[in-house]
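Next, two complexes with chain A in common: one pairs it with chain B, the other with chain C.
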Partner chain A sequence: MAKTPEPKRTISLKPCDGDVIEVSPMIAKQMQTIQSFIEDDSFIATTTIIPLPNVTAFQLSKIIDYLNYHSNSKAVADNVKESTKKFDEEFLKELEHDKLKELLHAANYLNVKEVLDFLCQAVADLIQDKSVKFVRKFFGVVNDYSVEEEEDIRRTHAWAFEGVEED
Partner chain B sequence: MATDINCLSEALLQEILVRIPFRFLVQCECVSKGFMHAISSLSFRTMFFSRQQSSFGALFHFVASDVIMLSFHLEGPPILLLPSPKKRYAVSGEVCGSSCGMILFCDCMYSLGRTYHIYNPLNKKRINIPVSPYLVRLGCYAVGFVHTTDGRFRVVLIEAGLRTPPRQSYKVQRFISEQRRWEWIPLLVVDLNDLGYLPQGLFPKAFEGKLYFMGSSSILEYDPFVNSYCNVIPYPEGTDYFRVQSRGHFGHSCGSLRMADIDPDGIARVWELQHGQIWQLLHTVVFPDDSAASLMYIGCFHPYSDNILYMHDFDESEGIMMYNTNTMEFTEVPANTGRRVYRGHIVLCSLFSCFLRAIVDSGFEHLKANNSILF
Partner chain C sequence: MEDPPSSSSSTKARASNDSNTSIGGLNLLNDDLVQNILARLPAPSFASAACVTKSWNFICNRILFRPKLSTALSLNPLLHDAVNEVVNKVLSEPIRPHFAIVNVGSGFELSETLQLIRGRLGFNIPVIVSVANGIIGSDAVTNEFKEVKWGVLFSGFSGDGYTRNINEGIVLTVGYLPGLKVEAIPLVRPSKTSQARCIDDFVMDINEYSASVSIRPFPVAVILIGEASSDMKPVMEKLDYAMPKDTVIVGDERGCFIYRSANDSRNACGRRGNIESVALVFAEDRDRISGKIKFHVALSNGVSAVGSKYKTASVRTSSTDSSTWLTARREGQQEHLDGQTILHDIHELLENLVESPDLYIGVVKHRKFSIGVEKPMPRTCIAYHGVVGGDEEYLYVDGIGIRTGDIFQFYRSDPNSASASLTKVHDSLRNIKLEGNSKTIGDNNVDVFGGLIFACYGRGESFFGHENVDSSPFLENFPGVPLAGIFCGGEMVRPCTTFFGECQEGSSISCCLHVYSTVYLVMSYTPL
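Then we have the complex of A and B:
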């Protein structure tokens, strides 16, 4: 195969509520869902626009930001740890609970592992050591136990609830 | 947007839950039936277990001579492993120490100091330890084992037994995992009279990288990762080796060393070691009159609760009782017939079955699945 493939510039992604966003193939590659589009025979990089009906422009740009930052910082030396941490903190600071959950869905839909891992950890950090009520509220889950059933679980696992304050 | 933001798929929820500490995970079972389902599924157990296993090791505590309690370092309830009272097995190995989730087995009598191996019940890997070249014929040893979270370990043999009078200097045989060799070093006991002799066949406590050997007059604290460092700690005032050894317990709970005894009047006392030298009396427990506690033994402390003592009778025929010093109530630990698996303690169940499988697989049948309990 002497012929070198045409250098591919960008992949066009169309979020549900905004204009097309161009991303580098490097970034697109990390989104499994996009990757499967690209691998499809009918995909023509220069013309095809990939529609993303489940992802907003805000979410898409957040995800791209994250990937961009982390793929760049990886290339640099180890001492970027601090700044990476700072970036991650800033990244989360801008997200309210609902936004965080939405972004989690978007990352899940795009199947971008690095962001998904990061967000799952963020949610885990957020909910842990909060009350059961907080968890219900956070996930919008309705308690479908009867009072007795819940009491029963709490009794069975009394050790886990020791010293836990209910709000 | 079509998807309801609150409608997380179970897989996504599990991705989050797999990252939370075990104690909180158990609390999350209360959130809803959906949460319970997500947490209880077998695939989640495996996922949680394999992920969190690496972030903190398990602890093993001896409750009685042949009962091991297993618990995670900072999370979760303990598990008791009991041998069958009916069957006696042709035991091909004896548990003679545990640290950081690893178990030290001996292929023959442990106090002879001959052939040991270290067993990781989680990945079933076995590390054989060569026979020490410094063994003395007819020697008797107290055997210590410390394993660190970064994978280094020491096996320590100190001459022991009544026939070994107190000396200024003990010859300590120490196996160094990094170099895979034994070394023979002198251990200077500064305050000789205080130690007494080291009884053989007692497993020292491994705690925070150090070993604590119960001597007949004091406790010998030895850091096998540092050359020749040792320290002598007296017993708490009002008790002694024999009392602690007969019906009390020396172990740890809530991140500190604890000692308990039961005095001749049937009153139990629990001390905590503070600043490495001072025993602070934590509890004085007068058991209710009508309880069988006057005949019971303190088997173990709860690793994370100040107020719980595990107690058993002489031959454990009555099972294990849990005594809460706050409520002053005894709770029977469920009977050990059949596999009793409680909802929620999934990680431990899976760790538990892993452990048992490992043990059964390798021929250590004295810890059998259907004769064990967990709670």
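Then we have the complex of A and C:
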């Protein structure tokens, strides 16, 4: 096939720390934010480096890991599903809460839907059945309800406060 | 309070979020990310998320600004496990329960079921638990859609000693209808009180409730569950007379129920509390401005007429077993016919049928109606009475309310006419979709968000020869939209402005209680 000098088949991404990371066009395509850089096919051939000032090397490599694994395992067979589940669990296990939130930001900045949805689900799973206090602390948000307002809103949703884990 | 989303409050919410950012130290998640996360929470955690901050409450309201119906079915034979399965499924997504309808097999104890459900869904919403002859819905665990019909026809007619099979299973329907208020209102009939007066009170109770929450003194919809042994014909006829044409009324005549209203401190059981019926009443909330929730109904007829018309010549009613003995003349003829002769003629006409159908007479009744002290108004309706038998004296039919001179005709259960009418229902349900899409553009499309089915116990797989036939018009038009239903002993629907499908005998005659039919209640939402 290759008659002319082969065009560069990867895209160079430069995180805010560390070295340039090369990714395949297939992976890069899933990052909506950098689409404007690569929409033009001829551009791929150039050696321009796309800077990502809001993403660390660690975050970028995690996101690429996730996309790589999942693009290779689209099959629906049970054993594939099983190993995908295992990969996802391992993926999350390595992330502390703060790292998870930062990664969520990175995924949001790059606008990678698949990773974003996965991480949002992971956060939802983490705060499920947790007390309101826990959730505030987890997200670092400050209660802006007055005592009366909070009593009122809790009364509106009273049915839901059975069986909630206390901190 | 829950505000409808608007751009100004959105900016406010974002501003307050920003101020939290600096205090929290961590780079905070923006509203879209929070929305993406909260929309994935199961209902109870979603509810507690609304208590975190004001901006989170705003985001929660934005996620849940449309009405929602959530349903699940379980055939787990253990009541506790079955309830857990359906509740967990129904609450697996954000929803705020406004009401619950629970249908169970006769093997599940009603008050225990009610207790378990209320423990999970909260103590201040109306809940009705009712026994059905079969349940329809999507399995809580496998998501497989099922129409389940149980063995022996459950019948309350023979009083306390009736036999019933032990049937275990439950289907739960939970609704969140912002813009509507929902309450359970009973038809109470103390012993030795005339039914007519109690029905008047019942109608007035429903309208009073509506007036107390709404700008209109009428509900938009009523789901009515009758106690097995009570005759719902007069109730439906009175409601049909009293309610404006855009009020939807559907239900099951033979329920056997227990219910709990939002504002009551005790359970009320149909069989023990002199309660003949309970109505789940949906009225517009005058304090809420949101999109429009609309109830549509459709009917699949399952009977066809046989033979000529008759005029009753003599009528005797037996109030002990609620049945009627009558003789008749063929219309336009003088000869006085007994039960045997009439039935002989009809059976001759049905000779060619392989399976002997169920027989009914459809009686056209010209009556006068009024509520309380109003001036009575004439009205014509048709009522079906099951044919019990005939001898050389009388034709025996169930139910009362037939008078001398009423015109009637025989009807038989007919799978072919049922199939044909299902096709029509299919088309008319599709029209709900098309009608909405043609009128509006973009996000303002009519959105069908749920459905309920009341199917005659005689239908189902044994009637059509395939499974899930009764559900198919809805499932094919609205795949993935929550649908639940029951097989019951008396499906009811009144003709109203949102009625789709054929109405028997022309529109001037009202028919509320049907036989061998399936009633569809379809809920749609149109944003403002």
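Everything below uses one rule, namely that the second predicted complex is superposed on the first by the 143 of 167 C-alpha atoms of A that agree within 3 Å, B and C clash if a C-alpha of one lies under 4 Å from a C-alpha of the other, contacts with A are read in each partner's own complex, and residues count from 1 in each chain.
The rule we apply is simple: contacts are C-beta pairs under 8 Å (C-beta built on N, C-alpha and C of every residue); 3 or more make two chains touch, one makes a residue touch a chain.
Bear in mind the structure is a predicted one, so any value in this text is a computation, not a measurement.
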Joint occupancy of chain A by chain B and chain C, clash or fit: clash
Which of chain B and chain C A:V142 touches, first, second, both or neither: both
First (chain B), second (chain C), both or neither touched by A:T56: first
Contacts of A:C16 with chain B and chain C, given as first, second, both or neither: first
Chain B and chain C contact sites that coincide on chain A, given as residue numbers: 98, 101-102, 104-105, 108, 116, 120-121, 123-124, 127-129, 132, 135-136, 139-145, 150, 153-154, 156-157, 159-162, 164
Complex contact set, residues of chain C against chain A: 16-17, 20, 23-30, 32-34, 36-38, 40-57, 96-97, 119-125
Interface residues, chain A side, partner chain B - complex: 16, 53-54, 56, 98, 101-102, 104-105, 108, 116, 120-121, 123-125, 127-129, 132, 135-136, 139-145, 150, 153-154, 156-157, 159-162, 164
Interfacial residue positions of chain B with respect to chain A in the complex: 1-6, 8-9, 12-13, 15-21, 23-24, 26-36, 77, 302, 304-305, 342-345
Residues on chain A engaged by chain C in the complex (per definition of touch): 98, 101-102, 104-105, 108, 116-117, 120-121, 123-124, 127-132, 135-136, 139-145, 149-150, 153-154, 156-164
